[in-house]
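Two complexes are shown next, each including chain A; its partner changes from chain B in the first to chain C in the second.
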Partner chain A sequence: MGLLSDPTRRRALISLLTRLNTPICAVCYMAGVAWFMGLAFEPFTLRMHMSENAMGSTMVEERFQAGERALVTAKEFGVQKNKAGGMPVDWLVKAMQDRGLEVFTQSFSRTLPFPDENKERFMVKGTNVYGILRAPRAPRTEALMLTAPCSQGNDNNQAVGMLLVLAQYFRSQVYWAKDIIFLVNEHDLIGMQAWLEGYHHTNITGMEWSPLQGRAGAIQAALSLELSSDVVTSLDIVLEGLNGQLPNLDLVNLFYAFCQKFDVLCTFQGKLQRNDWDSPSGYSHAVQTMMLMVLKQASGHSWGDHGLFLRYQVEAVTIKGINSYRQYKTTTTTVGRLLEGMYRKLNNLLERLHQSFFFYLLPSLSHFVSISYYMPAFGLLAAILLLRALNLWVELSAPPATEDGVANVEQSSSGVLSVVTPLVISHLTGVALYTLPVHFQEMAVEHFPVSETEAVVLTAIAVYTAGLALPHNTHRFVSGEGTEQGWRVLKLVAVLYLAVLLGCTALLNFSLGFILALTLVPVAAGVTPHMPKFPTACVMVVLSPACTLLFSVFAFHELQETPLSFQDTWLLFLSVISQGILDHALYGALVFPLLAMLVYPCWLLFWNILFWK
Partner chain B sequence: LGATFLLFLLLLLLLLIQKHMIVQPLLSGFFQCGRHVERAHKLSHYRLFPKSLGQVISKFSVRELHISLTQGYWRTMQWGQPYQPSPPGAELWVWFQDSVTDVDGTWSELTNVLSGIFCASLNFDSINSIQPSASFKPLGIGNVTDHRFLRYATLPRETVCTENLTPWKKLLPCGSKAGLAVLLKSEKLFHSSFHSQAVHIRPVCQDAQCATTSWELRQTLNVVFDLYVSGQGKREWSLFKMFSRTLTEACPLASSSKIYVDVSDNSEVLTAQAVVLGDRRTFSVYDLTQKSTFGTTSSLNLLIRWKSSDAHMLRPLLHAERYVAGYRLQSGEIHTLMYNNHPYRSFPVLLLDLVPWYLRLYIHTLSVTSKGKTNRPSYIHYEPSKDRVKPHTLEMLVQLPPNSVTEVTVHFDRILLKWTEYPPDPNHGFYVGSSVVSSLVPSIVAMDTNATHECPLFNSFFPSKEETSYFVRLYTEPLLVNLPTPDFSMPYNVICLTCTVVAVGYGSLFNLLTRNFQIGEPRPGVAKRIANVIRKMRGVPPL
Partner chain C sequence: MAAPLTLLLIVAVTIRAALFRSTFAYWIAERVEVVSPLTAWKRVVEGLALLDLGVSPYAGDVFHETPLIIYLFHFLVDYAEITFILADIIVAVAFYYVVKDYNKQVFRKQKFALEADRYPADCHELVRTPKEMYYIPLKAALFYLLNPFSVLSCVAKSTCCLNNAVVSLFILATVKGNMLLSAIFLALATYQSLYPLTLCVGALLYLMQRQFIPVNAYRLSFWWFVAQYAFMYLGSLLVMVALSFFLLGSWDFLPSVYGFILSVPDLTPNVGLFWYFFAEMFEHFRLFFLCVFQINVFVYTVPLAIKLKEHPVFLIFMQLAIISIFKSYPTVGDIALYMAFLPVWILRNVFLVSCVLLMCSALFPVLWHLWINAGSANANFYFAITLVFNIAQMLLVSDYFYAFLRREHHLVHGLYPKKKDGSEATLVLK
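Up next, the complex of A and B:
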């Protein structure tokens, strides 16, 4: 306080900050990136540990033995599925009833806003089948859940087989304190969304579903199972959920602990864990794993059926069986035992999972980075915006040498207009980008030889590009020639706006906030009207939100070791845009509206400053 | 799916002490119910009536007392209508004599004493007790209907185990030494799907003229065994398999001691017929007071095998369930569904909801719909809650149309409690007790069975069997509701600490931001100030 209340020292501090502003900003940016890269370095991370006391060291012996029967049931299910040409509802109902469950079905239907070309669906109709194992002497207040999606083709039959056999085995045990719901959902995420909405009797996405008949209280935890081959070499765990939400870290710990107990190879992001953290290749492996998680989390997409549970405060993960043709094989019985062990531990829970972290990054399954470790990386980037804002503020508040007071007042009133106009126009562009693609698809299909999906994506790109041309001269109609002060005020507002926007985003979805900050902060910090127009404009376009998305798609496939050619990347980029719009319409993902209505307009403000005249 | 169940009823009556037990096979799972009835002339006469309860009754001027301790939930759709309905956890309702002046004080003292007797933690006071206006009428003689003297409370979270069973067994005249109570071995009883024990005390007429009254004590025990788990899927059971005991004698004090086995599906031995909850069942009776029952081995072990694997169960005409809708921590909606499965008759039901104060109900959002149309309740009794003082009471009389589902919904807000009010496990959630659905359900069976005269006592358990409808009380499942809970952990402490620091530093920071700094002249010295004062007095301009 003393430093600031003493006017001379304050002046000295401010002059230091303004004089060294650019170097400090550069250092901050580099430090932020370096900090982020350092997060994957093992000595800087924390070891996984179980925080939940109830799931601690209760040594039980898993007795599940019906792995072979699971495969037989899976085959039978496959036959029935082919016969029914979809979900064999009647067979499943019978199968679950025979295993002593209370069985219910739910039918749902949904018409997508435009056809989904990846999954080839437009008007979706389906049925979910679920059975409830009632726990003895429990009053139906708590439940656990196991789900297996009924996919098209022969995918995932083994998961349904495992689910049925586990249900049979669990039914004959007496130790359950919570009801267990076994769900087979059709049309993967859409069916899951319908079931969850039905269970919680809410309607978020405008889907039509029939009300559920049987319930089992508050769901404490859920596992989604995906097994597509008789042979499993490793198990992969998927965490990233809708809007970048993550399940409680204890659920991951639980999975990891049981993988260790049964000597099952477990992977995260499809990558096995390595122990040589001190070698460069080991470090780069950890960085790649973490970057993959960051990219997946930033997408806001639900990467498995579990992702939709998280909104309802149900901790959930997806467990995938991988067959990568390794020598080392895991039997189906072992997978069943692993699941049995996990459910028995979850059964012990006295409270909802809350002891461990909800915000974390994983460079490997054995180590994690908590929110207090990764937030400084973002903080360093966000600090640049604040320093820039301070600099602009000081420049603006320096008293004008020649003008008198009256002129000052006029100046400021036209200044307000010159700030508000670009703000309003860029946000209107953002709203257009949000609404036009879906609403104008029919018109576009009539006039151009494209499919609906293409029409939506191309309209989005057209609106985005048109936005670059539209607003950057508007202030001239309002206040004539742009002044030096005018663009500074606009930039001050834009920089603070971006700081608030990124700050809020990073709190909810760190990965998205960080990736946006990486590209937008240099633009926001550097741009002035006095720079050479053409090269700067090129750099700005390269650092714009759409190009960030393109780079992310490219980087994601590079990191997954499935590199793409440029043309493939472009096609994938287009399908990612349509996927983002669909995610928003179907499940309420917020990345598309955030980018269209807030981030893109904010970027347009900086574009506006570049072309200030 | 060879699940089946068993119903045991144990009865005891004073004067002619009788003790009955019913074994009844039903669908999916085993069910057993024990019941005792006992009467005493006066409360000074404790030959059979337990003294501990008698003293409680006279000290607290109790007119009627009903307490039940239950572990598990009665699955109406699988097991049929309950014979002795009780909600999960503990339930207590008491009618006091109209001579009691301080009902609330007496109530809280009484619950403390009962906690001691039954080894339960019945923390009932005005915060969680209510006075239902219509749902709980006195069952004994006397026509007091002023519900000021009634108190009703439930504890959905109370767990019931052997420590509650032992004091219950001690109230029996023979304890667990002789008679049917020999079977009540706790390790077997708690290896079941449902367990409910209850004690009911009410005043009854001593004879037909009703010149004098006496007290009736009824002890009931319901247990459901799961054949699927214990029987390896085989459809057979025996007394020994279920209880690991056999019967050797009746309680010497009993005037009647019988086992009734429901053999409606097998219909081999036809000994007695009765209409149970509107359904005609066939029972085979084993009288323990007869020596011949025990045969040559002088021990009785019943073994029942089913020939077919399909068991017949009457679909319950009335069935209710409840759940919380919504998913955020701000608000929610309680949905209560009541099913009338009767094909052509409608009947009224009384719904009673007891909702704790920390869910703020909005009664204007109350909606009752059946078959898509609004169904106006003919009677609504609502008492709003007071924070930290009393809960919401919502009672209504609704007519259920035939073959329909009636949905009652009401919105609520979840309250952020004061931080000391959270229990040690706040993330478990907070319980809302079962709602109570009471109704007169039309009977399916035509009246009059010839078994009436053969077994008068047994039939007395199923009141109003002579009429076209019978009384049913159902309890819905309790709810587990999450309230907004602060994270009582390290980050929470950090946030608290940061907020404190910010609050402390706020004043000076605000001062700093709003103050206009100017360079002031240094303060003059003491001598100069004195000189200035003198110069001011003299009227000369200061230095």
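Up next, the complex of A and C:
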């Protein structure tokens, strides 16, 4: 209070902040980026530790032996799958019944808004088969879950085989205190979504599905299994779920602990763990791993079947077997033992996993960065916006300069129209970007030689580009000259808008918020109408949300060590756009509406300031 | 001047009507920031259902509004939306006339002071011109009607809107100098939500000032006036309570409404400070801290009344703000009420306060989602933002207070006061 009410100190602080505004902003930006890059540096990370008592103290003796049988079952499943030309429902029902489960099926159907060219599907019809192993020792109030997607071709047969054999093995054990649900879902995420909606009696995506006949208790944890070869060299764990949600860190700890117990190589983001943290190459490895996680999280895509569980407060991860022709091999029996161990420990849970972190970044599986370490990186970027806003405010209230900045609440009402018009128009453009692509695909297909998917993506790009002509349209609406005062007010509004928007985004999905802040904050901080138009416009386009997406796609493949040519990057960029729109329509991912209806209009406001007349 | 007000009313009604028809209405009515256990429309509906079944509406511990409200909606339930829009219009129009009247007085006082040459020579720039005061009443109405907080509150059909209407009518009656109506509306406001009781000091000071009765404990006329007002106030309060008793046929409502307000048994999160503390606290400290928390609303009355003896309208504003910060179940509707007064006086840290309030308002639903829906954050996240929100409100209020006092100080001592040694002095709030 003293600082705020003492005019001398207040004036000194404000004059310091306004005089040194640009250098402070530059320093903040660099410090933000440096902080982020430093997150992967060992002293700033925390060592993984199990926080959940119920899973930490118990020893488990794994007795699973039936690895060979899993492979045989997988082969049989493969034969049946080829015969049925899809999911062999009857065979699966019988197989599960033979293993002593209560078996139920759920059929679902869904018409996509436009054909999905990656997975070649449009009208999807399928069946989920699931069996429940009832807990012999407890009331049926809680459940664990194991799922294996039934994929196209011969993919993932081994996972289904493993699931069936594990079911049989678990049936013979007596210590289960929670029901275990074994689910084989068709059409990967779509089937998973149908099942989850059926299980939780919600319908948030407008899909058609038949209600579930059998239910178990509240699901405490779920693993999704993906195995496509008889031997695996390493196991990969996938965490990033829908809208960038992450499972509780204890589940990751559990997986990592068992990998170490069985000497199984485990990878994260497809990268092996290294121990040389202090060497430069070790550091760069950690940074790459972390950046991959950031990029995947920012996409808001569910990177495995587990991703859809998270919004129902079910902790879930996907475990993927990888066969990369290394010397070191792990047999199916070991994988089965690992899973047995994990389920035995999860069985001990007394309450839902909540002890450990939900907000984290992983530079490796043995270390993590918690929210209190990574948020300052974003905070430094967001501080730039607030400093800029303060600067603008001081500039705006300077002319009627009464002593120590006594500012009247009233503002010039003449500027209202010149602020509201761009706001409304840019948001209407955003709504157009959100609605037009899907609604106008038919018309586009009629008139142009393109497929539906291409039509959607190209319409989106067309609307996006058309929005760039906005300033000229705005000025037609606003009569008279834009004033010096006018653009400052608009910029103040836009900067605060961006700060609130990015702040909320960063809390919901740190990675997305940070990546957007990296590109949008320099634009927001720097742009004025007095800059040379053409070069600034080029820079702004390069830093616009769409180009951010393009760079992210490029960077993702660079980091994965599968570099792409420019041509391929462009094609991938187009498919990522269609994927984003599909994710929104099918599973309710929010990245597309966020970018289209909030971030893009906000960026347009700055574009508008550049072309202020 | 009537035309802009009418236009404003039409715009405000259109916004509210449109939102009532949209899909947001359901979502808004569920927000804990907008409705409290006292004011939620869902609970009123429950109470009505119980009443129709011939059960006491307070059975079941869901309904906590007053009996008069439930009998009001017994007849008006089909016109609920119109009732709430009407309540908002009443607030806006009442504030419009309150501020107009208040401005007239300020202007008159200023004129006398100028004629008597009482202002120091250098502070003529602080004197308010009729031109800048002309739009202030309209701005006050605009601040209430287009404030997102009051819009949300109205669309959620929070009964807070009705309380606001009663309080605004009380202020109008006071400013117009109608003692009886002032006492009746104050009694009604107290009956509705208990805390407006503290507003009586402001009303008394104002009415006495108007009738040139000196505020002096040794004068009989002072005590006679206080007794008159107290009689009218207590009489109408008694009538209301008795009416409630005869309508319901039981005293159920006393513990269910006032007991509920005072002992804070429902710890549903809201924008206030109570829920988190009382959820965390050991049970045997509860009574003590309950007293400590509740006393906050009342304890500032006397010092403020002494300091603002000459400015009762500002005192009423301060009291409204303090009530909305420290009451046990605050909602954003309460904040909207005192925010309507913001254009009347000046503020210094507009930027800081509005940034913080804006940021907090956006973060409330986000952190709520992370805590309740996603299950990844926890109560501390939400409470942190509640705390920041309330600190911003306190900053707003204390800043207003300081700016007001400082203006008055300058009007007496000149704009550039000198220290004893002749150097320029600065004023610091300590």
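Here is the rule we use: the second predicted complex is superposed on the first by the 593 of 613 C-alpha atoms of A that agree within 3 Å, B and C clash if a C-alpha of one lies under 4 Å from a C-alpha of the other, contacts with A are read in each partner's own complex, and residues count from 1 in each chain.
What we mean here is this: a residue touches a chain if its C-beta (ideal position, glycine included) is under 8 Å from a C-beta of that chain, and two chains touch if they have at least 3 such contacts.
Because the structure is predicted, anything quoted here is derived from the model rather than measured.
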Review point. Touching A:Lys533 in the superposition: chain B (first), chain C (second), both, neither?
Key: neither
Practice item. For A:Ser172, select first, second, both or neither according to whether it touches chain B, chain C, the two together, or no partner. Key: first
Review point. Looking at the overlay, does A:His201 come into contact with chain B only (first), chain C only (second), both, or neither?
Key: first
Practice item. Pick one for A:Gly100: touches chain B only (first), chain C only (second), both, or neither. Key: first
Practice item. In the overlay, answer first, second, both or neither for which of chain B and chain C A:Pro136 touches. Key: first
Practice item. Have a look at where A:Arg311 lands relative to chain B and chain C in the superposition and call it first, second, both or neither. Key: both
Practice item. Could you list which residues of chain A make contact with chain B in one structure and with chain C in the other? Key: 1, 4-5, 7, 311, 313, 352, 354
Point to revise | For the chain C and chain A complex, residues of the former touching the latter | key: 125, 132, 135, 139, 342-343, 346-352, 355, 358-359, 362-363, 366-367, 369-370, 373-377, 395, 398-399, 402-403, 415, 426-430
Exercise for review: Under the touch definition given earlier, write down the residues of chain A that touch chain B in their complex.
Suggested key: 1, 4-5, 7, 97-98, 100, 102, 134, 136-142, 171-174, 200-202, 215, 217-218, 311-313, 350-352, 354-355
Check your understanding: Which of the residues in chain A come into contact with chain C in the complex?
Key -> 1-2, 4-8, 245-246, 310-311, 313, 352, 354, 358-359, 386, 389-390, 393, 402-410, 496, 499-500, 503-504, 507-508
Practice item. Could you pull out which chain B residues touch chain A in their complex? Key: 1, 3, 28, 71-73, 75, 77-78, 88-89, 156, 190-195, 226, 228-229, 321, 323-327, 329, 333, 335, 425-429, 431, 477-480, 482, 487, 489, 505, 508-509, 512, 517, 519
